[in-house]
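Heads up, the next two complexes both have chain A, just with different partners, chain B and then chain C.
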Partner chain A sequence: MTERYDVAIVGAGPGGLAAARAAASQGARVALIDAQAHAGGQVWRKDIEHGWPRRAQACIPRIVEHPRIHWLAQTQVVHADAGALLLENETQAWRVAYDTLILANGARELLLPFPGWTLPGVTGAGGLQALAKQGWPLHGRRAVIAGSGPLLLAAAVTAKRHGAQVLGIYEQADAASVHRFARGLWRWPGKALQAVSLRGQLAGIPYHCGSVVREALGTDTLQAIEVETPRGSEPLSCDLLAIGFGLVPNIELAQMLGCRLNEAGVHGRVEVDTMQRSSVPGVYAVGELCGIGGRDSAWIEGLIAGHAAVGAKVQARWLRRQRHAREFAESLQHHFKLSTRVRAMARPDTLVCRCEDVPLQALRGHADARSAKLATRCGMGACQGRICGSALAELGIFPRGGSRPPLFPVRLSTLGDPISNPHQGSCS
Partner chain B sequence: MKTAGIRIQVDGRSVEVPAGISVAAAMAQLGLPFRRSVGGQRRAPVCGMGACFECRVQIDGIAQRRGCMTTVREGMQVCTDD
Partner chain C sequence: MKSYDLIIVGAGIIGTACADVASAAGLKLAIVEPQAIGGGATAAAMGHLVAMDDDPAELALSHYSLQLWEAFTDVAQIEYSRCGTLWVASNENELASIPAKLARLAAVGVHAELIERQRLYQLEPALAPGLAGGMRVLREAVVYPPGAARHLLDRALARGATLYPRQATALTRNGVELDDRSMLSGPVLVATGAALPRLLPQLPMRQRKGHLVITDRHPGIVHHQLLELGYADSAHGDADSSVAFNVQPRPTGQILIGSSREYGSDDSAVSMPMVQRMLERCFHYLPGLRDLQALRIWTGFRPVSADGRPYLGRVPGAQNVWVAAGHEGLGITTSLGSARLVIDQLLSQSTAIDASPYDPARIAA
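What follows is the complex of A and B.
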């Protein structure tokens, strides 16, 4: 039989956690679903050595153990339609029906192609953080952090904390822009404090603005990089390069449900009203899905959606906090805008699709993702175009194609369990 | 560091790894290689959060499992290049 909940929440980062707590506090039965083993999402990812960040530790255990919240860890949403989700975990597939759905499935890192980016030793910036926290060995390794945004500082701190020798941070935005961003931080005192704390922990580690990694060098594994700074090009020996260019909303599930997207920017985001309602009745979206804004906007939007979803009163001061948090997001986007140098990193023979090894030159001349896919297999691999599709959109080659079910590679037996048939499937 | 070790098998070889870590981290701690791409290049995990699939391995007979999303478990069988 199908398990039924008043509210199903996809994603257990700050947005999903706040929504779950809010809805459950109003008496709703809640399913909180996440693909990871522990709640927290990426920003509050549990570190196997150091645990959760303090603020996360203070709220997560109580939320996932709440009597009205069913915490479904290591559970992937593979298909969705109005009123139901098809879920899969390690052992089974089953169906969850909901009255209201809150999408809080966050963002992934924007990874952009450049010569050598496929070498082992090159990871995302957030990627290196995530790997370190799950036990990836960093002790004594020489790491370079590069790309763009404040996430680079957090990645450097995590790498250092796990014993890496951080050689430097290379930010693509120019110094003037980064300084303007820092000077405006007084409007968000929490963020300003965080920035000061991160910088304090990184004392002695050089932070270079206006710098782009030109190439990662090595055979079978990373040995060095070539980085272009305002002072010229320089080679740098290293074992790890953690490089990320910001975040991209994970809109695939929202897209499958038919939620209207705002496609004004390069990467789509879910359009919502002040109560976090999407264009599809009964479907809400919060946090990074609605545009990259970080932990604070996710948390407050989860609080708003969790109340609105069960018909409870949404307080005016939450809406004010939400707007304030979103203004930070705008400042972030503005000051860390990617320069044209970043879009020119890939050479004609640089692989863009890592799953199918498709070089940039094979993709020129195709008007859209579908045409490129049919001719070159670009985007046809296991990641389903999550990496290359977002990269190609950012490079201005063609926009990312729409997503089709299943949302992730699934077992054949899962597909034999049609979501539309409420009499099939079992429950954990 | 975690002290409690558990045993898993990677490509038929029995190895001891700390409990609680991911399969991807376990392979890195052991210095084992990940998959080869369709063009024959060596690859390793990139995103660490289940999006890029570069860490995919066969786990307990099921192909294309993400090593970064799976916690090691006593007796687990991992095969690379699935």
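What follows is the complex of A and C.
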């Protein structure tokens, strides 16, 4: 079965939502595709107790119920070729053909290996938020939030709201950098307000700069951590450690489509012009895919792409807002740059590939990731190198590799059953 | 200029097998390989060790090689798994072809058995209903090809061989030139598979693209390496594209699914229509696999000689240039025997099996 749309959008976070609303407002028939049950992406993930954040609540229901937007929840894009996507959900597989495609499939957490990071009780900072919002019980559990960037504050707020006792936030950037970042926030009043609000909700929770978790300790599950602060190394008993070192753009789909990447950083991002057009005609990219920029960049870029994709006028003031939002992202990257201490956390026996249990020392002597993979299975497991590949790139061990089909694990029937009877898809 | 008793160009399964034999014979050895060890067709291969019986020369070489593989059954890196091969007959015609196969295999000393229909389902309950029976070759196995290449190379290096991680750009009057303009002198053995024409354009070589799909870990569903009896028609036919049922249980619990064959496609991209055909064929025999998760799809290129048999021996018209290449889909199985055959000839020793069917002179003449 093939469904045809004017615009197909992959990812229903702020970027995809804004693009869908914009394209539909111009009369286009839109498919909005996301792997999650609810729209919102990572940043606006729906909380089963508390619902969507206020701003998301105001727009999401109207977008997913829009008569010209076909909302495809819990749907994975498993393959892409010229002009069509192969989709799969729990029960079926089908193809979606499009005139224009807007990629808004965001970013994933950068997980860096350190001793004990695979213990139950250790999660990513974003991972903890996602688990809490899906109902993972946190009540009364002693949580430590560590890593880098403002996402740590958001994770701490979520943990606290779900009843965790947050013992502290450990930021790797030094105090001087964090203060310079905070002093520059006046340029983005919305961000400044958000920071003040987050800090207000975290009153009484200590925030330590220049601090790195050296080790997570425990036999079967996390019992304590060893954290190195400017005052020295100290042990700390806890039940949960949420640790986030930033985000990595999910470029695999763009790579499969042949979009040119900006290779300036170790993780790669999709190269776009001011209208969010990629190097492939008819394919746009917005938000984190074009470089980690956060919610505001994603929203305004979605708005621009949604109009440009259907040939509608893009207003000059949106382009000004787009530049302004991207400047915030640059400030963020600059002030929360990962220190060399973070890159030295893994020991020779620390697992790098947790799918296949490969320690760092096994990679020694290999010229590149592929050679190491063939000899050690590093990156051959279920995540297909998404986690270890990004970590190894960040640590400067091997450059990241290319996209490997399929994009996600996929039912064999999706690949092997003939897809017949092409017909025009209908909107809900 | 560095001088060697033998310079092997290419460190796939064939080049490394030759390096192992040559270094064991005491030759001062150089191995030239710019890419990952066993990183070409070797890494893309399924790694089955199987005797193909429809060409007597191929059967002799595969049987000879299978015996040599017995020396590597306990090397962890090679992941030797003696799962046996079960050839599946989908109808009475195919079943009727089995006694002749059994006789051909028995003639060279390979033990195989006819499997009645009921026994087929006892051995492999996941097979689709309505199949006629099969033939089992109990002692056959699967290996992990890049691990095998690495192991064979490491043995040669431990005996003093030198690895040059460079591209060989040209054959010279008495050796090879590397991409840093340095020269190595000595007899040369070219084992570069599908890339053979770059150094030996006089020996025809075509690429035959294949696709493979590997699943997540699902142990216990399939026990033997399974092939359809029509496999040889796909492997040896000359159709532009064909698919055949070939499934392996890997020691990891994953299931490796093949196979496809295509001429005329030099693009390594995955072709979804070809994957679809290949899996549809697989579901015909193993319908229960439809619900399993595929982790990865990849492609590779089999090196195919002018007549389907590998070139093993001295390159006609060239002084001191030897070749071992063109094994199509049987390179892993026949690597160890091919290496013995070439190195024995190079050392002017008698060969264990008749080498003439593989003599490159048959083509260049």
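The rule is short, and it goes like this: the second predicted complex is superposed on the first by the 415 of 428 C-alpha atoms of A that agree within 3 Å, B and C clash if a C-alpha of one lies under 4 Å from a C-alpha of the other, contacts with A are read in each partner's own complex, and residues count from 1 in each chain.
Assume a contact is a pair of C-beta atoms (placed from the backbone, for glycine too) under 8 Å apart; a residue touches a chain by one contact, two chains touch by 3 or more.
Note that this is a predicted model, so its numbers are computed, not measured.
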Counting residues of chain A touched by each of chain B and chain C, the higher count belongs to B
Taking the superposition on A as described, I'd like to know which of chain B and chain C A:81 touches: first, second, both or neither. second
A:291 in the overlay: touching chain B, chain C, both, or neither? Say first, second, both or neither. neither
Problem - chain B versus chain C as contact partner of A:370, first or second or both or neither - result: second
Touched partner set for A:411, first chain B, second chain C, both or neither: both
- [ ] Quick one: classify A:389 as touching chain B (first), chain C (second), both or neither.
- [x] neither
#### Entry: Which superposed partner A:246 touches (first chain B, second chain C, both, neither)
neither
Looking at the overlay, what does A:126 touch: chain B (first), chain C (second), both, or neither? first
Footprint intersection on chain A (chain B / chain C) at 381-382, 409, 411
Listed in rising order, the residues of chain A that touch chain B in the complex are 35-37, 42, 48-49, 74, 90, 108-109, 111, 118-124, 126-131, 134-137, 220-221, 250, 351, 354-357, 381-383, 386-387, 409, 411
Residue positions on chain C within touch of chain A in the complex are 36-39, 43, 146-147, 150, 165, 213, 215-216, 257, 270, 272, 275-276, 278-280, 282-283, 289-298
Residue set of chain B touching chain A in the complex reads 1-2, 18, 20-22, 24-26, 28-29, 33-34, 37-39, 41-54, 56, 62, 64, 68-71
Within the complex, chain C is touched by chain A residues 79, 81, 86, 367-368, 370-371, 374-375, 380-382, 384, 404-406, 409-413, 415-418
